[in-house]
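Below you'll find the structure, written out as structure tokens, and then a few comments.
Letters A, B, C and D mark the chains in the order given here, with residues in each chain numbered from 1 onward.
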Amino acid sequence: MRPWDDHRLVLIEREVKGDRGVIVFDAPTIAPLLWPGQFINLKVPGLLLRRPMAPAVLSSRLLLFVRGRGEGTQHLLTLSPGTVLRALAPLGNGFPLPEGRAVLVSGGTGAGPLLHLARFLVKRGHEVVLLHGAKDRSEAFFAPYLRASGASVRFFTEDGSWGERGYPTDALPFVLRPGDTLFAVGPEAMMQKAAGVARTMALPAYVSLEAHMACGVGSCLSCAVPTAKGQRHVCTDGPVFPAEEVRFHLEPA
Amino acid sequence: MNPLEVEFLGVRFPNPVVTASGTFNYGREYAHLYPLSRLGAITTKGTSPRPIAGAPPPRITETPAGMLNAIGLENKGVEAYLQDELPWLKALGARVIVNVFGERPQDFAYVAAKVSPYAELIELNLSCPNVHGGGLPYAHDPRAAAEVVRAVKGATDRPVIAKLSPEGPTLEVAEALEAAGVDGFSLINTLRGMRIDLETGRPILGHRTGGLSGPAIRPLAVRLIYELYQNTDRPIIGMGGVRTVEDALELALAGARMVAVGTATFADPYAPIKLVEGLERFFADREDTWLDWVGGAHAG
Amino acid sequence: MNPLEVEFLGVRFPNPVVTASGTFNYGREYAHLYPLSRLGAITTKGTSPRPIAGAPPPRITETPAGMLNAIGLENKGVEAYLQDELPWLKALGARVIVNVFGERPQDFAYVAAKVSPYAELIELNLSCPNVHGGGLPYAHDPRAAAEVVRAVKGATDRPVIAKLSPEGPTLEVAEALEAAGVDGFSLINTLRGMRIDLETGRPILGHRTGGLSGPAIRPLAVRLIYELYQNTDRPIIGMGGVRTVEDALELALAGARMVAVGTATFADPYAPIKLVEGLERFFADREDTWLDWVGGAHAG
Amino acid sequence: MRPWDDHRLVLIEREVKGDRGVIVFDAPTIAPLLWPGQFINLKVPGLLLRRPMAPAVLSSRLLLFVRGRGEGTQHLLTLSPGTVLRALAPLGNGFPLPEGRAVLVSGGTGAGPLLHLARFLVKRGHEVVLLHGAKDRSEAFFAPYLRASGASVRFFTEDGSWGERGYPTDALPFVLRPGDTLFAVGPEAMMQKAAGVARTMALPAYVSLEAHMACGVGSCLSCAVPTAKGQRHVCTDGPVFPAEEVRFHLEPA
């Protein structure tokens, strides 16, 4: 595997609805290198620090689910096709491969790395179930991208306005079976709940953590998180951790 | 002749570009991008006698043309540093400036003594809290800072430079350190700032406050280097928001004999080497050299 | 009920938005754009007993997310101010905070006494040099600053607030001023910085150094307001890089009861009124009020 | 005359050669208000402070001659057609009208306000002579714009690579005649020289000064210049001053 470098990407498509967006980049030098669960550190024009993002890979392209939170992500959602960006990639550890069936639980932009994983595993003959949860139908336009993964996909919304009513983690006890591996990426509360279900069934579970990052490559020590195995750095030791090592309650909201 | 060559306290550096402490760790993360020996020097992450876990997350956040950091001095301690990093860096042919700190003067001295065989220069981070001085940083207390210098000078024969804070009485501290025998200076360290999250209503950083760095503070760096240069004949490593050739030359004119690249490396990991190459191009078709620019704003 | 209304030292302001001294002159330049009475208050250009010509050009230059200014306290003196500006401002229905300074404590007192009939509040600019204290600003010398407060308190019955500098021992000065009877505070004033012109090799500003203002310093303002709020129960006017509703709320959370818009007015002369309107929209569909945000970052 | 306000402009054409450029804006609300010699304070995207610029007016458009000096002007030269900008206008005092013939001496981007004046005066039946000086042919592409003013135009370059060899101020003694009024805008040395020629011939002369400006409208006091009549502020008392009031040697280069 080639070590990380600073790569060129070109924004080629953008679909924005409210504060969510799907952005497609042409990134032929990154796409073949990015293992599912790894991330890129993206330079958004006009800002000093890069922003970590975990995209899915579609042949030579990257697909990013974005939620406009602060200045960086909001600005990202306004960039026009043709904009040239730079990204450090590939970064972080990525997901381990499961033995049997993979059950994926995603919330919000956690759909990005899990779409990547789903496509990757389906291509390798794994059975993959993906449960995506959202508050309301604001992420309904993610659906075609997720469905095209070849996984069996179910959508949940808190208000029932799109897909099934409720949380994906409510369905999880009925979906998980012996031999499965759980992968959860989304809000901490969701990951914690999902990991709890897996634990009661004694199934392996992996989650992906977020942290405020400056360098993304291990040099600034800004992304420290406490874990059961001591302090770890999300950008190099993670972002993927076995769920049992994560101290969910200590993480910032 | 190499127009970028710099002699600094008896040490020869091929160019004046160094990495700023804490923004390049011990260099390992960047060694596959470019030869670390191409940089003037690597200033390593602040190192203390024993490992320190650091501050609670989040540890960084962006601000207008800058960033705040509250890493909390996380480092793996001088023993691990000596074992894992220093010999490796030396073997690469890199020149190393070792940034040291501790709670008491003798802690600084302890680390300095240990790393001396590998260090071109010892840099004292005086912005760390003086536990016996009520927790205020050494940089706010000329007498306590001078004690650190005396302790370190007694423990190493490498040249010792003190890293000055833009907070506190900077020039007064510098004067006291000269009297205590310091060989040179580096500045500026960060300024304490804060951002508050409107959603939670609380400071964003786990430590609440953090150090402001980046282009936002460059005008403060230029002013302080300019003022210090007028008050000392010891050499200065300048830092604070440097990225481009123009930035580096501005600090040189103010009085910096060498310049450090810090926050810019987060935006672009190639920033230090690009600055070396940019300076090479700048001086390639000129008669003068880097050293001719140093202190130029004071001439005449 | 008006969710923006603020009571500050016994004075009622319709909203917490004021103009920062020196960035709005005496208001005349902007009076045709919007009614000055729509702003919480106008803080006028620093005024001294006699006219001052100010510093040599150039007086300003841009920096990353900020600017440096060395106006050199140019003003037309309190007599002209009383004749040309104050009655006119009052007639418009504007509330006025008068920013005063002088060389000696009695100079501050002289100006304060003269303008008292027209001033809602008197703001003391302590960043001006104390000619009898070696030229160092009052803000660096708690005792000299306290003398200014005592002199002014004896000369006016209007509430007196002291404008604190982020340089020098800010909290120590604040404590000394409280003991001397100051009623409130405003902060932050600018930080001294420098830019050097690469073509001439000389500092760009005629005065060489100038005060750094704008978004670049906002994290420093937030931190100092936060720290001061923990150390005092007197009210605070916050300033430093404020433009948007978010900026204003951030300073409020830190502890600012009112906020001033300074440098932003140069980028957009409508900045102060846009902030008033933005806050009106923000609070229009909320249960809470501006005052509920003040100091919110300290709660719990 | 309407007092100044913050106006909207749209960049519609741009011709850049090296560090010089001609930029045309659609500015229907500014154009009718801008007296020759007045200026605008232009917000360049991404920068904090505005930049003072003295454009010419072509019906509803503004024409700006720009020299890329620092960040602001260099960035201005890269903006694409369609970019929407804001400008405070109209600012400053502008030129007084001459009695008889007007002789204009311009250097560099000083061509902007003098082109405006030339067109204005020609339309009102004045005879106008315009002498434009440059170092080399880097400003040759300004020529069509200046010729179209209807003035009688001569070009000078130091190296003779475009127009006549030499300085416009060398030709001035042979051009100026009794009754003329001189208007000079350009480098200080050029304006000083031109004003000197006018003075020896006892002719009225006006120059336009530059200063680093923050507000542009009289509030920040950043644009102070010493004059024979005491300190003046370029943005409100100027930028146009009678040459005899100007202390050229005290101005920054």
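Rule of thumb we're sticking to: contacts are C-beta pairs under 8 Å (C-beta built on N, C-alpha and C of every residue); 3 or more make two chains touch, one makes a residue touch a chain.
As the structure is a prediction and not an experimental result, all values here were calculated from the model.
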For this session: Could you grab the centroid distance between chain C and chain D? Build each centroid from C-alpha atoms only and quote it in angstrom.
Result: 36
For this session: Averaging only over C-alpha atoms, locate the centres of chain A and chain D and give their separation in whole Å.
Result: 56
Exercise. If you average the CA atoms of chain A and of chain C, how many Å lie between those two points?
Worked result: 46
Exercise. So which bits of chain D are touching at least two other chains?
Worked result: none
Problem set entry | Numbers and ranges of chain B residues touching at least 2 other chains | 65-66, 214-215
For this session: Specify the contact topology among the chains shown, as one of line, ring, star, complete or other.
Result: line
Exercise. Which chains are in touch, pair by pair?
Worked result: A-B, B-C, C-D
Exercise. Which positions of chain C touch chain B when the two form their complex?
Worked result: 63-66, 68, 191-196, 198, 201-203, 208-209, 212, 214-220, 222-223, 226, 241, 246, 249-250, 253-254, 296-297, 299
For this session: Under the touch definition given earlier, write down the residues of chain D that touch chain C in their complex.
Result: 3, 5-6, 43, 47-50, 71-72, 86, 88, 211-215, 217-225, 231, 251-253
Problem set entry | Contacting residues of chain B [partner chain A, same complex] | 22-25, 28-30, 32-33, 45, 53-54, 57-62, 65-67, 69, 71, 74, 200, 206, 214-215, 263, 265-270
